[in-house]
Amino acid sequence: MSRVTEFIFRRRGGRGWHWTDAFTWFWLIGGFVMMFGPAIWLVNSSFKSPAALAEFPPTILPYVTAAATVEGHEKPLPLYEVTQPDGSTKVLAEVRRVGTVAQMVDPAVPGETVRVNIQDRKPVREVAFAVTNYVQPFLSFDFFRYLRNSVFVTVMATIITLLTNSMAAFALSKYNFRGRSFVMLIIIATLMVPLSVILVPLYSAITAMGLSNSLWGVILPTVATPTGVFMLRQYMLTIPDELIDAARMDKASEWQIYWRIILPLTAPALAVLAIFSVVWRWNDFLWPLIVLTRRELFTLQIALNTYAGETNIQWHFLLAMTVVTMIPVVLVFVFLQRFITTGIAGAGLK
Amino acid sequence: MTVSSPRRVLSGAGAILMAPVALVARLLDPPLSALQRVGGTNGMAAFFLLPNMAVFGIFVLFPLVINIIYSMTGGTALFLTDRTFVGAAQYQRLFDCRSYVDPKSCTDDLFWTAVWNTAGFVVVQVVFMVVVALVTALVLNRDLKARSFWRAVFFFPVLLSPVVVGLVWRWILQRQGLLNFGLYELGLTPVNWLVERNWAFAAAVGVSIWAHVGFYALILLAGLQAIPKDLYEAAEMDGTRPARVFWRITLPLLAPNLLVVLVLVLIRAVQIFDEVYVLTGGGPGTATLYLTQYIYEVGFASFLRNPGLASAASILMGAVLIVLTLFQLGIARRNEMRGKR
Amino acid sequence: GDVRVMWYSDGVEGEVIKDLLDRFMKENPGINVILDDVGYKVVQEQLPVELEAGRGPDIARVTNLKTLADHWLDLTPHIADPAYWQANFGDQFDWMRPDGSKIIPGFMTQLTLTGGFANKTLFEQAGVEIPGADATWDEWVEAAGKVQESQQLNAAIAIDRSGHRISAPIVSYGGNYIGPDRMPAPIDEGVKTFARKLVEWTETGRMNKETWVSAAGTTYRAGIDDFINAQVAYYYSGSWQIAALSSKIGDAFDWVATGSPCGTEACTGLPGGAALVGIKYTQNPEEVGKVMDYLASEAVVKEFTERTLFLPAHKSVAAGALDFKTDDANVKGALDVFVKATGQVHPNANALPAWKWATPIYGVLVTRISQVMAGELSIDDAFVRIDEDIKAQVEAAQ
Amino acid sequence: MSRITLTDVSRAYGQVKVLHDINLDIQDGELIVFVGPSGCGKSTLLRLIAGLDRPTRGKIAINGQDVTRVAAADRGLAMVFQSYALYPHMSVRQNLAFGLENARMPKPEIEQRIAEAARMLEIEPYLDRRPGQLSGGQRQRVAIGRAIVRNPTAFLLDEPLSNLDAELRISTRAELAALHERLSATMIYVTHDQIEAMTLADRIVVLRAGRIEQVGTPLDLYNKPANLFVAGFIGAPRMNFLPAAVFPGSAGATIGIRPQHLRRADDGESTLKAKVMLIEQLGSETVVHGDADGHRLLAVLPGQQGLETGEEVMLAYDEENLHIFDENGLRAD
Amino acid sequence: MSRITLTDVSRAYGQVKVLHDINLDIQDGELIVFVGPSGCGKSTLLRLIAGLDRPTRGKIAINGQDVTRVAAADRGLAMVFQSYALYPHMSVRQNLAFGLENARMPKPEIEQRIAEAARMLEIEPYLDRRPGQLSGGQRQRVAIGRAIVRNPTAFLLDEPLSNLDAELRISTRAELAALHERLSATMIYVTHDQIEAMTLADRIVVLRAGRIEQVGTPLDLYNKPANLFVAGFIGAPRMNFLPAAVFPGSAGATIGIRPQHLRRADDGESTLKAKVMLIEQLGSETVVHGDADGHRLLAVLPGQQGLETGEEVMLAYDEENLHIFDENGLRAD
């Protein structure tokens, strides 16, 4: 069943290809490569050993040098493909390397050692996932406590954000009162204030209220985001005023109009804001870093930062945990994006 | 559709989650109705604004005002009480120039370098970001199979923290990165992307588009979906070609959301920092040194902070932003007036 | 009572300290030590804000020793044997206390020293002799340049993009930042000489452009990856890289630490390191003293050093035999070289960690020199700017 | 139970004055119908009474109490919107229940009222659909239902039956009349349908360009239209207007006669001669468009008349059915 | 110029079958009217013809060419939407011009067409307003105008006059008829208005629950309804149905007689006796709701009759006006 009219550009007549169809696929495939490619690579990288991560040129899949256990040697020996003087190649295991010469053995004939110039050998590599990148942090890292903190911050902040922002947006889109433009102006003007600009006074305010080293200190300053108010207000402008009239005739209180009429009809925009809020709060770094110094209060992002030292960043752990921390937001996105569907605000009108 | 389809289950879960919220909302009604009787219908506007404005006042406006005072103080101390009042000295330093278009002639050459770099970045970024976001939203708005999947594809980078974004692209773009490796394999000449001025600039723009376009596309998508279907039907009956449908129906009706995107893109372009910082570090030379990095370095990163100077610079930046945004809003308002239904 | 320790890690030292503290708590059941393992950024950017607000942990591992010196606790009344402290850590106390003060604020958990690393295998393959201990920078660059050409490397040498790193060679070339009034002096010939060399090496391709050019301001960039991937023959960084080099290079090639190349005046490295300090605002100074005493005790320092592969700051530990816990032969050799090099540090270099203006100058040098490398600024303009920048910093801080 | 009084009510949109000094006293329990050409201000007037809009000037009182500044929700009225304004995200059932829930009515009673309204409006099969899934007429019935279930003291109905088919319209009209009877609720009803206006109204208000032209009972208006406008507006097809000269011995300037009052002449009657221009067969009657001396003339003749275009017909009338108007268009008797 | 042929067209929304195997052949230049109860599928059928929706089964051809999968834009039809669907962001003028600009018509001609349509629909004063600033009827006229200006080969009109006042409705109806004449365009017209249907239609299609009940000329349907449903649906007020037993010597199961075909009896006529339950005075005629032996009976009597509720009246009829239906509700003669 083709719901033709949902197209902006529609497949004209349903037969043959319109240029917009071709373009759509071009964009989707291109988008997939461009947007998703690096992300996939990121995930692959999270399975690389520190050495492989530092490697030039980077590989797409995680590789390690293959190794074989050879009789007479305790540890597995790395395997190399050796070009022999006659030009043929052979896989040998390296016992040790001294300068430019490697001492190697044929795993099949463990007894005799061959000397090979290191320029004549190439490591035999195989794909191997460094699962330790994931396992290690789970063992040494208080993962579930950080997760709980992150979830608390994200959920509370998102709920409060949605509530306060949608209330303000409702007031700013559906009421005529003096000073409306002024309020709107202030809100938008403060959109421009980067957090770093007000960091210090903000920290003073939080400290004065006794909210430093408290999760609420992380949550509260973020919930009045002008972005949300602005976005919701613009969306609400598209809801016909007649519905509000109808509700008033139905003796609905203003609160009920907000709650029963406006909110459901704003669902698509709320879903967008919810997604953003979750992503923002989940990934928030700078502000929680300032407010939280006690480990038991750390959010995941702050905890992850532990892997960033002064001179050395443990990318292998950092990437692995980044991937893990991404999973919840991906799920949230998948859940919420279903609400970004056809707005129906006009459907009740003649 | 079977009863136990995952979709049903999900929305069922949603309903259960919503139940307590709905209860609270219902409990709130009697007191709020009483409030409404006292304050009148329009008085409720104040009530709806209150929570947001309270948080806003404490956590945004108040610090902002403090920040203005900050910019008139000097020294390295962090807390206002420990700082010395210097009046407009910080601003004087920033504005001490023989010619504003030539940063080299300024006392604070890096500030002006950052100003002009930022201006260039903003112009290019805003145009490309809006266009790419719009095209993406239009494509995603079509009746696609596996729509959620495609949405997720374009939104995915938004989930990544800026540091990871910068890092991943650094790995791709650095001299011995994935891209050059690919070029090399294809027999093309590798380019030192992050050391050539123009390429580094393109990379900064491109990567920040990559990282954020999903965000704006999503806003636009919600807006697109809100356009009543019957208008498209009417347009179709009017024999409208797709391009014209876009210009005459879609775009004007998308205007409120487009405005959101435009304002946000502009603001965020002016504030660009994290991912570019990780990607290019402001280089090559100072080619991608943007205002926020300047402010960050002056105010936080160097061992001898100069928070007063950073505040002054940030306030100048904010002032410019406000002017730009008001300009945008002014245009939008005129259109809105004409478009009032 | 509770003792909170703010700690950051570059490698395994977080786990080591946790072990040690667990042991301590078993022995001292009354004291609950909480280890807040944080990112370096917290220590660098957030701790100062807290300290200014008169709060913070009880103990912290910090690198910004001098600027924040006002916030450190004087441990003297709280530790068992101040003389032991003075004897073993005394040389570095001035790094972490206000000028002229005589307090004991804490101790260095490790020393660092800048120095070079050479890819021995590459040199061998190219048939180039590794320069000797008294080789100059020019000799090193020339030798590495030969390797570069013979092995078709991208560059000959790499130096971290850091003012700290280049200050060692600057001192070697006679540079001195500190004026007679202990305020920054205008930059001297030593600075200019080495700055010119850096620019020239970048222009001639001896140094990879991207490390220095592809960043602005004070941004730190390490050249380590090029060295790990055998893209350069010589890498100038510091002792703290040893563990990373070991784990990332593994068996790929042999490498050696070389100490610091010589200039006209010296062959010095630049010392540095992280200290564990008590915080003035603690509620439990007695307990803090106990914890510090424990961690500073010779056995503990020794174990910490051996397990972390750090250079010890403890006099008698350093003098004694150390059994570093590694089976990488390259590491042991390198550590020996660095331990030895600590003895050759030039006084001008030794003065820098205790000098409050050092870090601002590091930042200014990097900012401007890399602009010259990028072709945005002539070197002479850069020298003028450097002096102006430093002056502005001094003024702003008054 | 509401008596609604409008005093000097005006409303302008910017420069455009839409209502001019409306004075109207609607009795408690009265069913009053607003008619008037499209755009004359009927909906606007309704919105003012509802409280959805504020008059620019004038006063509105309910039961003697000034409600000009009282919010819509507090006026206790129910309204059927011309555009329906159904809540698109609610099912039909929820649409109907919404107002009742707001009044905190117990669930079972809500159920029962909805069931009753749904039966009456024949929308039972659609109770669980959303408005978007309904046909135009079905939506309109839901809109009516939403007002009905509330049992308000006064109804405001803006063309509530315009999208219904004849049969449904008649039955719904009857239901509304019955409802009016039963609740003795005041009803203000906007319609374009002559039959609706005539059959339902206690009084009809004829509006024109924002002014009241005449207020009276349906037969009053039909039999004694106060002016040419009302005469032309009430009654379908509209009244024929001819110069007085055409009627020998007549007073006034213009004479009006309704098409239904013309019949094919028997011998010796006072007659008009007309040439047949167009014939419309409606089944039960035939509409003849004629030309009488260059004047357009309509006649509605009973049954299916066998007439030909071009033919001449003699049309008779009774003197008492003539309406006489003076030069100003005002009724002359 | 379009001949439109529907073959076995069905349409379902999910489980709900809305149209069942519609077969219909609309001649070129014909004006065909769809009538039927609210929700019977008229709009849906129109949307299928327009190409805004696809049939679940069946074929649609225009001029013999299968267009089932052809996009709406390429079918060359114009449509008036029941919901108007005006472009909210464009002025009335722009709304009208839009379709013409799409066809790259020269500016002056666009101007001229708009002027003409605006005059015809009496919307000249509003040309520069936006739809949101118009009354319901004004909006509807703009919607009509948008279709008219295009001069298409076929029009689809979904209740285009429902929000217009009687006078405007009549004049617009006449304009549409003239337009149909002039352009000899095919018109498909949905209406609930009996008079509109009867006067405009070349043929009327009676729909019921997604099926065609009867297709024929207006008088055909009026005089010879094929079944009880059509008989009841066509003609207002609806036909009276009485058991055959009531009429002595009658065949069939049910006898129908139109209210207009009853008159007050003279002596010696075949009569029905009814008790007056309700009297509706329409001015030109009187509708009497009566009860004949427990059967509801409506009579439309000419003029203003002086009757009392409760009174008994004798009603006469002519045999030829009786409609006889068998047990299945089908016409018996």
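We just call them A, B, C, D and E in the order they show up, numbering each chain from 1.
Quick note on the criterion: a contact is a pair of C-beta atoms (placed from the backbone, for glycine too) under 8 Å apart; a residue touches a chain by one contact, two chains touch by 3 or more.
Every value quoted in this text rests on a predicted model; they were computed, and no experiment measured them.
Student: Which chains are shared contacts of subunit A and subunit E?
Tutor: B, D
Student: Of all the chains shown, whose C-alpha centre falls nearest the centre of every protein C-alpha atom combined?
Tutor: So the chain sitting closest to the middle is B.
Student: From the centre of subunit E, which other chain's Cα mean sits the farthest off?
Tutor: C
Student: Sort the chain pairs by how many C-beta pairs are in contact and tell me the top one.
Tutor: Per chain pair, the contact count peaks at A-B.
Student: Counting in whole Å, what is the centre-to-centre distance of subunit B and subunit E, each centre being its mean C-alpha position?
Tutor: Each chain's C-alpha centroid was found; their separation is 55 Å.
Student: Approximately how many whole Å separate the CA-defined centres of subunit A and subunit C?
Tutor: So the centre of subunit A lies 34 Å away from the centre of subunit C.
Student: Cα centroid separation between subunit C and subunit D, in whole Å?
Tutor: The mean C-alpha positions of subunit C and subunit D differ by 92 Å.
Student: Using CA atom averages as chain centres, what separation in Å is found between subunit B and subunit C?
Tutor: For subunit B versus subunit C, the centre distance works out to 38 Å.
Student: Which residues does subunit D have that touch at least 2 chains other than itself?
Tutor: 71, 73, 82-83, 136
Student: Pull out every residue in subunit B that's touching 2 or more other chains.
Tutor: Residues 41, 78-79, 176, 228, 230, 233, 236, 253, 300, 341 of subunit B touch two or more partner chains.
Student: Give me the residue numbers in subunit C that touch at least two other chains, ranges are fine.
Tutor: 45, 49, 53, 229, 231
Student: Across the complex, what residues on subunit E touch subunit B?
Tutor: Residue list for subunit E touching subunit B: 50-52, 71-74, 76-79, 81, 83, 85-90, 98-99, 102-103, 130-132, 146, 150.
Student: Where on subunit D is subunit E touching in the complex?
Tutor: Per the touch definition, subunit D meets subunit E at residues 13, 35-39, 42-44, 82-83, 126, 133-138, 140-141, 158-159, 162-170, 192-195, 198-199, 218-219, 222-223, 232-238, 258, 260-261, 280-285, 287, 300, 302, 304.
Student: Spell out the part of subunit B that touches subunit A in their complex, as residue ranges.
Tutor: Those residues of subunit B that touch subunit A are 7, 10, 14, 25, 28-29, 32-33, 36, 41-42, 44-46, 48-49, 51-53, 55-56, 58-64, 66-67, 70, 78-80, 135-136, 138-139, 141-144, 148, 150-161, 163-164, 167-169, 171-172, 176-178, 180-181, 210, 214-215, 218-219, 221-230, 232-233, 236, 242, 245-246, 250, 253, 256-257, 259-260, 263-264, 267, 270-271, 273, 292, 295-296, 299-300, 307, 310-311, 314-315, 317-318, 321-322, 325-326, 329, 341.
Student: Okay, in this complex, where on subunit A does subunit B touch?
Tutor: Spelled out, the residues of subunit A in touch with subunit B are 2-10, 12, 18, 20, 23-24, 27-28, 31-32, 34-36, 38-39, 41-42, 45, 56-58, 60, 163-165, 167-168, 170-172, 175-177, 180, 183, 185-194, 196-198, 200-202, 204-205, 220-221, 223-224, 226-227, 229-231, 234-235, 237-238, 240, 248, 253-256, 258-259, 268-269, 271-272, 275-276, 279, 283, 285, 301, 315, 319, 322, 326, 329-330, 333-335, 337-338, 340-343, 345-347.
Student: Which of the residues in subunit B come into contact with subunit E in the complex?
Tutor: Against subunit E, the touching part of subunit B is residues 228, 230-231, 233-241, 244, 248-249, 252-253, 255, 339-341.
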